[in-house]
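Here's a structure for you.
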Amino acid sequence: MDFSSDNAWGVVPEIMAAIESANSGTAASYGNDAWTERLGKAFSDLFERDVAVFPVFTGTAANSIALACATAPWGAIYCHPESHIHIDECGAPEFYSGAKLLPIEGPAGKFSAASLEAAQINWGDRGVHSVRPMSVSITQATEAGTLYSLAEVEAISEVAKKYKLALHMDGARFANAVSALGCTPAELTWKRGVDLLSFGATKNGALAAEAIVVFTPRLVEGLEYRRKRAGHLSSKMRFVSAQLLAYLEDALWLRLAERANARAKRLAEGLQRLGVVPAYPVEANEIFVWLSMADMDALNAKGARLWPWTNVVQGGKVMTRMVTSFATPEKDIDAFLSELKKLAGK
Amino acid sequence: MDFSSDNAWGVVPEIMAAIESANSGTAASYGNDAWTERLGKAFSDLFERDVAVFPVFTGTAANSIALACATAPWGAIYCHPESHIHIDECGAPEFYSGAKLLPIEGPAGKFSAASLEAAQINWGDRGVHSVRPMSVSITQATEAGTLYSLAEVEAISEVAKKYKLALHMDGARFANAVSALGCTPAELTWKRGVDLLSFGATKNGALAAEAIVVFTPRLVEGLEYRRKRAGHLSSKMRFVSAQLLAYLEDALWLRLAERANARAKRLAEGLQRLGVVPAYPVEANEIFVWLSMADMDALNAKGARLWPWTNVVQGGKVMTRMVTSFATPEKDIDAFLSELKKLAGK
Amino acid sequence: MDFSSDNAWGVVPEIMAAIESANSGTAASYGNDAWTERLGKAFSDLFERDVAVFPVFTGTAANSIALACATAPWGAIYCHPESHIHIDECGAPEFYSGAKLLPIEGPAGKFSAASLEAAQINWGDRGVHSVRPMSVSITQATEAGTLYSLAEVEAISEVAKKYKLALHMDGARFANAVSALGCTPAELTWKRGVDLLSFGATKNGALAAEAIVVFTPRLVEGLEYRRKRAGHLSSKMRFVSAQLLAYLEDALWLRLAERANARAKRLAEGLQRLGVVPAYPVEANEIFVWLSMADMDALNAKGARLWPWTNVVQGGKVMTRMVTSFATPEKDIDAFLSELKKLAGK
Amino acid sequence: MDFSSDNAWGVVPEIMAAIESANSGTAASYGNDAWTERLGKAFSDLFERDVAVFPVFTGTAANSIALACATAPWGAIYCHPESHIHIDECGAPEFYSGAKLLPIEGPAGKFSAASLEAAQINWGDRGVHSVRPMSVSITQATEAGTLYSLAEVEAISEVAKKYKLALHMDGARFANAVSALGCTPAELTWKRGVDLLSFGATKNGALAAEAIVVFTPRLVEGLEYRRKRAGHLSSKMRFVSAQLLAYLEDALWLRLAERANARAKRLAEGLQRLGVVPAYPVEANEIFVWLSMADMDALNAKGARLWPWTNVVQGGKVMTRMVTSFATPEKDIDAFLSELKKLAGK
C-alpha cells in the first residue's frame, strides 16, 4: 500500500533489460556512443520534427539547465507557486540561471493565461530596476495532479509569444499528461508553442534518466557546456541513453503512464465512494485528499505510507498526497480502500 | 584494443547484479532508503572511523560539491595545472563554489609541498585585493597516471594545515592508487590529513556512482543542500547506493583496480621493450607515450583508438594516452604490441 | 515642484564641504585613510556600542552585501513583496548571495511577526528540497512611507531569533524613521535584535555614501571580500568616509530627516484638506495618493513631476508617489497644493 | 614624497568644481539626468564614432561588467598573470561573469600575439570538457608601467578576431597610455579592434568615476542590468557623469596624464643616474625598482611610502613600486632622489 511517490517504485523490466543489454564491450565515453547517437532520431520521430535532445540524470537538472538557456541572470521565470522548480528543487533553477522566479497564483496547480498577462503587466516594463521576465514554466501534469488542456497551453503560449517569453514545460510526468489528454507529444508541445521540454522518464519506470528536448534551436546555445559544468554529462552515457531508447520503444512510456493513470482513477473513485473527495480533479496519477491525523495514523499502521503534504490544518484535517505508478498493484488499492472503509465504520 | 579510457568499459557483473537486486518493491525516495542507510557503516568500516558519505552521479559533481564546502566564493583552490578540476570539468568547481583555481606547476601531474608553500607565500596575504586560498586539491592517482607517495601527501597536508587550507583528494582513480601503494584507505586519506575525498567508482566498474567522503565534520555544512540544488540527489537513490555497496563488498573495488594496474604494467613493459618509453612513470592504470601521427594512424587502422592528448608536437611526435581497466583483455594488449612491433619493423 | 524622489535632490552644503576638505594632500588608498579610520568610532558612538562599519557607494550594494553575509546560497531571505530588495534592485540580493527571496504580504509596506511565523512554518522544515530560510529583511521607513513601531520590530525580531534567522534592516531612509519615531538609533536596531543595518545617507543629502553596520560580529566574515569583489571598495575611500562623517556630525542626519518629514506632513495635510487621502499613513517622507491621469497630466504641465507608481488602475485613478527631502521648499508644496485646488475647482 | 599610488592623490580642481556645479536644483535620478545624457556625445566625439558609454564608480566594476558582457559563464578570459583582473580584484571578473581567467605569461606585464595564439591552440578546441575562451583582456598602460605599441595591440586583435574572441582593454591608466603613445583614443582602441574599454578617470584626478565604453554594439546586451544588479547605477548619477564630462573637457585628461608621465620620467632618470635601474621600461607613470629592505626603511623614515611589491627576494633586494600622478610635486621627486643619493653615499 505504498502511494507515497511514483519515485518509490523501481525500474520496469524493459528498461532494466536495456541497461543490461548496453553493458557489452567498450563504448566511447561522454555521450559519443551509439546509444546516444540514436536518441536524436528517436526523439525527432516521437515529436514529428527535428529536435535537439540532451540526457541528464534528474528532473531538477533538466529543468534548471533548460531554464538557464532561456533566461539571463538578470531575467525572471514565471511559474506556479507550488511548482517543483519553486519549492522542491532547493533553488536549483536560480543556481543554474542566476534568474529570479516569479510565482503566479492559480487554483489546482495551474495559472491562467490571463494571470500570466497580469503578472507581465506588473513586472514587464520596469526597466533596469527589476529583473526582466524572459521565460514561463508550466508543469504538465501539474504538481496538483491536474492537467493544462491543449487550449490552456495555447493561451499561455500566446501571451508568452506576445511578450517574447520562452515557454518551458516541466514534463516530469509528461507521459501521464499525454496519455490522459489523448494527444500526441507534438500537439502538447511545439505545436502549442512550447520552446523547451523537460521530458521525464524516472518517475515512470526509468532508473535515472531525463531528457532536455529543445524545439527552438537558438535556445541550445551553451546547453552542453551548462550540462558538463554541472556534472550531468555521464561518462558512461550509454546507460542513460539506453534507458531513454527503451522507454520510447513500442510506446512503452505511454503504456506505463496509462496504467498509472488508471490506477489513480480506480483509487479516486473508491475514495469518493467513501465520501473522501479529492481536493483537486484527479487527471493524472496523483490524488490529494484531506484526512484527519487519526485516520492517517491508523492507515499507516495498516501499511500505508501517508504524511501531511503541507503544514496547513483545515477543519482538523491535513492534506495528504497519494501517487500511483505503472507498478501499483490493484490489490493494494483495494486493500487501502477496505481499510479506509473500516475506519469510516461503514 | 580499446585503451581510450577506463570510462569506455561498462559495468562489472557484481555491480550490475546489485542494481538488479535493488529493483524489488518500493523504497523511500531521495536517499531515505535501506541501501543508502547502509552506506554510512560501509564507508566508516572502510575508513576505520566515522565518516559522512554522500553519493552523487559523477566525479565532476563530487569534486565540485566537496570543494564548494571547503572554499568560500572569495576563496581559492590550489591544484595542478593538468588536474581534472582545472581543465576537464568546464569550470564546474568555479560554478559550484564561486572560487578561483590557482594552478601549481610540477612534473608528472604532481606538485610538491614546497611548491604549495611558495604559491601560498605569493597568494596568501594580499588582503582583500586577492582571493584567499582556502583549499588544496590533489589527484590520486594523478591525471598523468602517477602517484603521490604517502610521504608526499603528508608533506602537502602539513603545508595545508600550516596555512589553514582544507585538503581535498580527487579520487576518481582512488582504487588504483590504494592498490598500487599497498596502503589502507585510511592511511592514504585522513591519517595523512585529507579532509574530503571524491571516492570514484564509475571508472572502475560502476555505472554512475561516486561518493563524497567527508572526514572533517565542519565541512559537511550545506553539503546536502548543494547536492540537491545541483540536481545530484537521485530520486531513486537506492540504485546509486547499491552500486557503491557492491563495489565495496568483498574488496571488489581493490580487486578490480589491481587488475587494471596489472594490465597497465604489462602494456608499459611491452612498450618499453619496443623502445617506446612512457612519458611519466606508470604507477596506476594510465600510460602516456609519444608517437608519430603516422604510427598512431596505422595503429588506429588496426583497431586501436588513439588520439593526441594535447596539441603539443615534439620531434614530430604527439603524446597519446592509453588507459587500462578492470576488463581490458590481456590479448588486446598483446595484439596491440604485436601491431606496434610490426610498425617498428622489428 | 519636484516630488519625484529624495534622490532627485543634490548634496547638502555640509557634506559638500566635507568632500572638499578631504581633498588635500595624499591619503592611503582603499580605505586605509584617516577618514575611514574615524568611521568606527563615529558609528560606535552613534549606536552606543561597538559596531563594524563598511562604507559602500549605494544602498543596493549595502543591502546585497549585508544579506549575502547572513544567507547561504541555498538559503532564503524573507521580505515584503514591495521591498526595494525584491522589486527595485534587479535581483542584486540574489546575485550577491545566491539565495532566494520569499515575500511576505502585509498592508502598507509592512508584514507582521505573525505573518513571518506563518511563512516560516510553511518554508522552514522542508529539508533539502527547499531553500532554508536564514534571514529576514525589513525596511525602515518602508517603501510605502510607513514605519514599523519599536514594538513591531521587536516582535519580528523575536520570531527571527526563535527560528535562528538573521534580522537585516534596510535603512535607506533610516534617518527619517529615527526622527519620526523619536527613538535612538540603538533603540531601533540592536536593542530590538537587528543584526545588520544598511545605513543610508544618499537619499538624505550625501553624494554617494551608504554604510553597512554590523551588530552581530560573526556576520562580518567575508564581508570585506564581498565588497571588494563587487567593486565597492573605493580606491579614494576618503571621499566616501568624509561624507559619512559629516552626515553624523552635530546630528546633521537627523536634522535633515526632520525637515524632510515635516515637509511631507505639510504636503499630506494640504492634500487631505483638498480631499486627497493618502493611500498609506504618512509617517516619514513619502506620500502615495490616487489621482486621475488627467489631474496628473495637468499638474505635470504646471511643473510637477508625477507618474503612475504601478500599472494598477482603480476607479479611473492611478497611484502616484510624492517624496519630500531635506531641501524641498515649502513654497513648492504650497504652489503644488494651489494648483491642485484649482484643478478641483475649489 | 608619496609615490605609493596615483590613487593616493585627490581630486583635481576642475573635477571638484564640476561636482559642485552639478549640485544645483533637482535632477532625475539613476542616470536620467542632463549630465549623463551629455556623456554619449562627449565620448562619441572623443572616439570619433558612435560609442555606448556607461559610468560606474570603480575600475573593478568597469572591468567586471565589461568582461561579463563578452564572456559566458562557461567561457574563459585570457589575461596577463599580473593583470589587475587576475590578482587585484579579488575574483570580481569571475563573480560577475562566472567565467574562468586563463593567464598568459609574458615579460614586463605584456603578452604577445604569438603567446595568445599558443594559448588558444591549447585551450580552444577541447569541446565541452573545458571552458571556451571567449575574450581577451589587455591592460594599457600595463601593471608593470609599460605600454603595448599600436602594432602589438593590432597583432593581438588579429589573433582575437581569428578565434572570435572579444578584445577588452583595461584602461585604468588609459590616459597615460594615450599621452605616452601620442596617438588618438580611436587609434588605440576600435581602430585596432578593441571591442570594450574600461576608461579610467579615478587614478588620474577624478573622485570615483570610470566609464565602460562599448565599440561593438552587440556586447551591450544586458550591460545596464548587470550594472544595476551590482549596485553600480548611482542614484545621483549626475555627480559621476559630471566628473567624466569635466575630465574630457579641454583635454584635461590628457594634460593630467602628460604631467604624471613626465614626473615618472624625471624620477626614473634620477634613479638611473644613481645606478638604480628600473625593472621594466618606464613608459607611463609607474616605476618598479629593486631596493634592499634597509634602503627602503631608511627612505620611509625620511617620509617616503614604499613597501615590497611582491614577496620575492632577489640578491637581498625586493621590488617596490613608485607611481607618479598629475599632482606629484617635482620637489618631492628631487627630495627623494637626494635622500637616495645620501644613502648610496654618493
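We just call them A, B, C and D in the order they show up, numbering each chain from 1.
We adopt the following convention: a residue touches a chain if its C-beta (ideal position, glycine included) is under 8 Å from a C-beta of that chain, and two chains touch if they have at least 3 such contacts.
Since this is a predicted model, take the numbers as computed values, not measurements.
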Legend entry - Chain of greatest Cα-centre distance to chain D: A
Legend entry - Centre distance in Å when chain A and chain C are each reduced to the mean of their C-alpha atoms: 41
Inset, instruction - Express in whole angstrom the distance between the two chain centres, defined as the mean CA positions of chain A and chain B. - result: 34
Inset, instruction - Between chain A and chain D, tell me the centre distance in angstrom, where each centre is the average of that chain's C-alpha atoms. - result: 51
Inset, instruction - Please list all residues of chain B that touch 2 or more other chains. - result: 30, 73-74, 89-91, 95, 128-129, 131, 225, 228-229, 233
Inset, instruction - Counting only chain pairs that touch, give me the topology of the graph as line, ring, star, complete or other. - result: complete
Legend entry - Complex contact set, residues of chain D against chain A: 30, 72-74, 128-129, 131-132, 222, 224-229, 233
Legend entry - Interfacial residue positions of chain D with respect to chain B in the complex: 73-74, 76, 87-91, 94-95, 98-101, 121-122, 126, 128-131, 310-311
Inset, instruction - Report the residues of chain C in contact with chain D in the complex, numbered from low to high. - result: 2, 4-5, 7-11, 16, 19-20, 22-30, 56-62, 64, 89-92, 95, 202-203, 207-208, 225, 228-236, 238-240, 305
